[in-house]
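Chain IDs A, B, C, D, E and F follow the sequence of writing; residue 1 opens each chain.
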Amino acid sequence: MIYITRKEHFNAAHKLYNDKWDEAKNFKVFGKCANKNWHGHNYELFVTVKGEVNAETGFVINLKDLGDLIQKDVTEILDHKNLNLDVDGLSDVIPSTENLAIFIWKILNDEIKKLGAQLHCVKVCETENNYVEYFGG
Amino acid sequence: MIYITRKEHFNAAHKLYNDKWDEAKNFKVFGKCANKNWHGHNYELFVTVKGEVNAETGFVINLKDLGDLIQKDVTEILDHKNLNLDVDGLSDVIPSTENLAIFIWKILNDEIKKLGAQLHCVKVCETENNYVEYFGG
Amino acid sequence: MIYITRKEHFNAAHKLYNDKWDEAKNFKVFGKCANKNWHGHNYELFVTVKGEVNAETGFVINLKDLGDLIQKDVTEILDHKNLNLDVDGLSDVIPSTENLAIFIWKILNDEIKKLGAQLHCVKVCETENNYVEYFGG
Amino acid sequence: MIYITRKEHFNAAHKLYNDKWDEAKNFKVFGKCANKNWHGHNYELFVTVKGEVNAETGFVINLKDLGDLIQKDVTEILDHKNLNLDVDGLSDVIPSTENLAIFIWKILNDEIKKLGAQLHCVKVCETENNYVEYFGG
Amino acid sequence: MIYITRKEHFNAAHKLYNDKWDEAKNFKVFGKCANKNWHGHNYELFVTVKGEVNAETGFVINLKDLGDLIQKDVTEILDHKNLNLDVDGLSDVIPSTENLAIFIWKILNDEIKKLGAQLHCVKVCETENNYVEYFGG
Amino acid sequence: MIYITRKEHFNAAHKLYNDKWDEAKNFKVFGKCANKNWHGHNYELFVTVKGEVNAETGFVINLKDLGDLIQKDVTEILDHKNLNLDVDGLSDVIPSTENLAIFIWKILNDEIKKLGAQLHCVKVCETENNYVEYFGG
């Protein structure tokens, strides 16, 4: 069993705001992230898959295929988007880094099996000072 | 003459959109950056000042003073904001990295003279793949 | 279960020197790190906690709270300090990166439970070429 | 149990090419990496070992010893080399990042036991966008 | 006048070897870089152009156009290539970082004028420890 | 004329403290950097030299020679040292990043001429958030 990781990027706007709360509570909990006019980030995404090495290719998975999958199914729908407004499947949760990682896991998990490997970890870095890792389950 | 640089950060939303043009032309010129619901970035700001070394302190400028100035006059008004909507002085230009660097230069230039040094360069990094430098004039 | 990591910094002086040994043995074991007049590092600290995502906030833990905790209980006592001389609790061990990671774990472990999450890993980077990870136990 | 990681570098040429296939199939599977005249990378190698902290030194392992071992047994044979042509033990496999990580694990695993610790992970970064981790077994 | 920089990448093999010298002299001058079977690098390329800001776009130059130009005229001919064997225009010089920067300058200088800006600097990073800057002339 | 830069590292302890002032004034001016028991940094040093490209080597300067010079004349005397106590030539100034850059310039300027090139810039990074550049004169 060996693990391989592919890094991709996307730039997006979001805000952290719970509509069930008033503005004061939102600012108390989310601080500046509750700004109603949005803010944004350069997100870094690391997708780690695991599997056996194929003797003919030396690969667990063809990184070109993995990169194409991530770009088609993840980056295409998140890059240069507003995570609160533009993304089906994120509109009913707070678009925190945690929920973003879980959202991406759900998109990729089955697709990576079709490529002959297993998804191990989705890591999302929101800034250079914080990141989330999700291993499923 | 010696040069010292201070790095700061801000996270903001923006879009590149010229209201004088229709949507098709905006997408042709600005691509995904024209998304009407915004996107965003982790901006890195490098402020370089120059001057003589003070023999008593070994400093061109006290970095604590420079950092405080940048945070009070620049970061405070840009961080976790929408550059198109929330920032007086940016609302009448396209909030490109170029215009952002010029905007920051105008804010800091006189204030840095008051600290006994000269502003040399404002560098703004929008992503890890592009940055702008402005030297005034 | 999801994992979130917060990065902080501190700059400190230290030396690696076992007082039970003579100077020759100290230099043999610790090399240049045994210099009696100290040397120092820009330490990077990564604190990883795990827990369930709170549906109302989208958070495992409020990163503002985690950051405040680390700054109050860890950074405040290590930053711009001499790890051999200035830090209660480190004075009776060699201030290696290993012992520093264990020291920080002991400070944070119970406090993070009070914030409703579990400490998973303390990672301390001494230089860009070496780092230590401690998972407790 | 605590984990410590040492980073080293090597620069090497390679190509991904399966001699049992014709050129068309090689380009289909390996893309530009199949260029017959080679290409190359700045590889980053992270070696993680685990063990107990020695009370006299504060160390799991002396990083000087670990660094010397990696340089003598790994870097020396890979740095500024052609991975397909110059390295005994790699000539009969595709020199993918996966096979490189396994190759390095086999070299280091027993030697690190002699230094009183256990090899935990060999991580090889081929570019800033992809890396492999091998934990043995 | 404002300066904007675009970063691109290419991975290539090369060797530093002067055919007019014998092998001993080549190794004396170029060290391990003279290995006859090649080695390679992940090159980073920073292209800086300067010009006036266009009021309608906020741009000195459209980064999409600049990126396309660099990829078509530079990256396409250098990426996953052997700099000694595969690149017309480099085959008669030592493919040092210096000569690579000059080579790229010559390709881009006129083309950037056609995009309405001026080439200011070509910076090529061969490893994280060395880079070359060429400003023309 | 072309510019080439070599990066080196050193780890050192220092404090910013003017002995002509009392402790209160030192803390007012230098903040935590005045801690009498020292603190320290991982310094990064970038030395940029300029010159013509030698047609036989493709080099402005042999980086091996430049690296050896920096290590022998600069790193050797600064690495794992206390900048206030251990370094002749720094003991009579405040060991600020500014004074460190000037100190290194004076050491290297003539030696680089002997290698057939000209020193252009000494850049010293004290933390990831601040650096100094000195161009002589």
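Assume contacts are C-beta pairs under 8 Å (C-beta built on N, C-alpha and C of every residue); 3 or more make two chains touch, one makes a residue touch a chain.
The shown structure was predicted, so the numbers you read here are calculated from the model rather than taken from an experiment.
*Asks:* Can you name the chains that touch subunit A as well as subunit D?
*Replies:* C
*Asks:* If you check the contacts of subunit A and subunit B, which chains show up for both?
*Replies:* Under the touch definition, subunit A and subunit B have no mutual neighbours whatsoever.
*Asks:* Would you kindly count the fewest steps from subunit B to subunit C, each step being a jump to a chain that touches the current one?
*Replies:* So the least number of steps between the two chains is 2.
*Asks:* Work out the mean Cα position per chain and let me know which chain is farthest from subunit B.
*Replies:* Chain centre farthest from subunit B's centre: D.
*Asks:* For subunit B and subunit E, what's the span in angstrom between their mean Cα positions?
*Replies:* 28
*Asks:* State, to the nearest whole Å, the distance from the C-alpha centre of subunit A to the C-alpha centre of subunit F.
*Replies:* So the centroids are 41 Å from each other.
*Asks:* Just curious, how far off is subunit E from subunit A if you go by their C-alpha centres, in Å?
*Replies:* About 34 Å, centre to centre.
*Asks:* When you check subunit E against every other chain, which residues touch at least two of them?
*Replies:* Subunit E, residues with two or more chain partners: 128.
*Asks:* Which chains are in touch, pair by pair?
*Replies:* Taking the chains two at a time, the touching pairs are A-B, A-C, A-D, B-E, B-F, C-D, C-F, D-E, E-F.
*Asks:* Would you pull the subunit C residues touching subunit D in the complex into a rising list?
*Replies:* Interface residues on subunit C, with respect to subunit D: 16, 18, 20, 29-31, 93-99, 101-102, 128-135, 137.
*Asks:* For a test of understanding, state which residues of subunit F touch subunit E in their complex under the given definition.
*Replies:* Within the complex, subunit F touches subunit E at residues 1-8, 48, 53, 55-60, 62-64.
*Asks:* So in the complex, the part of subunit D that touches subunit E is made up of which residues?
*Replies:* 9, 11-14, 32-33, 35, 37-42, 79-82, 85-86, 127-128
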